[in-house]
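One chain, chain A, links the two complexes that follow: it is found with chain B in the first and with chain C in the second.
And then the complex of A and B:
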């Protein structure tokens, strides 16, 4: 394993990014799915993904058989637009399709609004500077949640259950021989009314660490870790014991970077695979995305 | 106001301040610039008075553009695009020093839209 990592490191040193592309969280699945590069004014994104091989992770970190769908498909549509040289925003919506044996059901997921402001940008004179962006997002709970489910195996669940407000930052060294960066997002969920009372999810802390390399002038490979921690939830202001969550996931993304044409991205994810996970879900996932510069 | 709301309001205020700074930087009074701002109309007038062989589009974040700026072939008019004045001035001053550069800044993206420039570096023969 050590030799593989060393070999990859040597490979990474063999090239150099010639312009500023992307960000730390781009292609990770952990933040807004599409951003604008400095010369871009607006873009359309269409992603099709599937997750399967679900296993529940209990409060002790033990894997259990999942009661949910066998597979979850997601069709994601996003539009991103620039407002100033430093600020752009995107709107993201999705449709879900859940399958269990020979049954399936489709529905609308959550809608998210994202904004990014670029505070710092590297230049040709200072490529060692990071691109530093601030993130603000709002997810609206438009999709049915686990607590609102009326179907067996949660086939009608496509949303998170509560709206959530996110703020964070993204630091990305995108003009170096080795591409690397990290992101941090903090989430403040709203309360959700469920039959048992008022459920208040705990605040979210999300860390994303990314590394990668330009395999060719217009082909990028990145991978990394997404680490989520969510504090214990409260029901009618009473803290629920052992309800805090922890989930570490891996991702690997291959993306084309044609500056004036359409681009494709393939992302592999492995959720709940690293370290100490609690009250989460383990799954494999793959997403194929198409991005078109308008 | 609970802690969560205070944090959200604080973040929103910080965000608004950043937006304000961003706009303020774009409104800063212009000194004698190496790459003065230009419109499509002023570019056409410039080319009428002093023709050029080609337009070379660049930005401070475009590392591929660096060598062309250093070489600055004769007959080339450089157009700084998708960028901010401060960064452009720093790069041009550093790379060209006293030699100067025939350069304009496409502040409102009129020139890139007219010539169909969507990525950098880009060159348009005239």
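And then the complex of A and C:
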């Protein structure tokens, strides 16, 4: 009886229905960009984003002027499909456009395959339980990387350079008055052949902490922190000095949550802005996304 | 509630941005012409040392360097300079425009080379960039990594 009262109280406070409204990493930019809610089976995602105000962060943590593009546009297309009640997968591809002064160049970026398995779901009677999902992803290095670049200001760079396998989890309390959750992803990058030898980037640890609130029954506002730590890289099995990376970023996302039909999401990001950042890039970004059930 | 969330986000962004802005001290290698400590090839066939002729800057071909080869006793050693590859170990990448590099050997001193039109693709603190010098001397071709102890603006 107590749980029924607590559940009704939570739903009353949140103005929420019986759905879970996404996950802790959804809309953060730190994981797969589109997921399926429990009642959905197919969805299409189209996102248009731009990053600008770049500054390099060196191994001492000092901010420097960037010699790269002034702005990087990204057109992202994704399709997500449910396979069972608890498992769905998505494929994500993108097209980049880099601009510097009056020059610009476009190209294909990396492709990612993502799978989520829902291990635990709260119910109306147990709203205090988190939604718990297992994440598995594989990024394929299909886009041109820094080490393959031929253009001044890296205008022709759209990819990370190495493929990477990710595994992690996402815990989300989406039926409470205050939405909150956290995610963890671990990345194992593949080795990359570069002119200087075989480059093995270090393993990645990514933490995402998210909080938010339902502004209206079908309008969600969330924000949070993404903290990346990557171990030192190796060139021909020799560890490279001061090559470990740290990057703490902020995000704020406003998203409509119509149970049927189309939804919109706008995400504001500020990369490399919190605490001790090393060997990364600081930038502002904004992404507008459209999602449609098929 | 929504105002509190918005205010918190914007405050965090503003405060952290203010706190992270900094710049490092400029060093002028061109003023010293210091060849520094020679670095020995793995086999010991030669040693190599570098002196930077100009203040270092990214995004320009105006950078140049002097390369000097010596033997185990630090005596000048005639050598053939075969490669001069910049690399940034911390970021895991080199630079572009390697085909623009110009090598000139001093006809009166075969141990002395000048390298011009050097392009750094980004700035960095002292020792952030290194040069992998490939050269042959005494019948042996080898690659030697030489640090750049200067800031690249």
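Convention: the second predicted complex is superposed on the first by the 276 of 294 C-alpha atoms of A that agree within 3 Å, B and C clash if a C-alpha of one lies under 4 Å from a C-alpha of the other, contacts with A are read in each partner's own complex, and residues count from 1 in each chain.
The criterion applied here is as follows: a residue touches a chain if its C-beta (ideal position, glycine included) is under 8 Å from a C-beta of that chain, and two chains touch if they have at least 3 such contacts.
Predicted, not measured: the structure shown is a model, and the values here were computed from it.
Once chain A of one complex is fitted onto chain A of the other, the partner contacts of A:119 are limited to chain B, with no touch recorded for chain C.
Taking chain A as the reference, the larger set of touched residues comes from C, when chain B and chain C are compared.
By the touch criterion defined above, A:151 lies against chain C but remains apart from chain B after alignment on the C-alpha atoms of chain A. Legend: residue contacts after superposition of the two complexes on their common chain; A:107 is shown touching neither chain B nor chain C.
After overlaying the two complexes on the shared chain, residue contacts for A:201 are found with chain C alone; chain B is out of touch.
Once the two complexes are overlaid on the shared chain, A:223 sits against chain C while remaining clear of chain B.
Look at A:93: by the touch rule set out above, it reaches neither chain B nor chain C. When the two complexes are overlaid on their common chain A, residue A:293 makes contact with chain B while staying clear of chain C.
Within the complex formed with chain B, the chain A residues making contact are 16-20, 38-41, 84-87, 117, 119, 121-125, 127, 134, 136, 165, 167, 175, 188, 203, 259-260, 293. Those residues of chain A that touch chain C in the shared complex are 56, 58-68, 146-147, 149-154, 194-196, 199, 201, 211-213, 215, 221, 223, 233, 235, 240-243, 250, 252, 270, 273-275, 277, 279, 282. Within the complex formed with chain A, the residues of chain C that make contact are 1-2, 5-6, 8-9, 12-13, 16-17, 20-24, 58-59, 85, 87, 89-94, 96-97, 121-125, 128, 132.
Against chain A, in their complex, chain B makes its touches with residues 4, 7-8, 11-12, 15, 18-19, 22-23, 26, 59-66, 81-84, 87, 90-91, 94-95, 109, 117-120.
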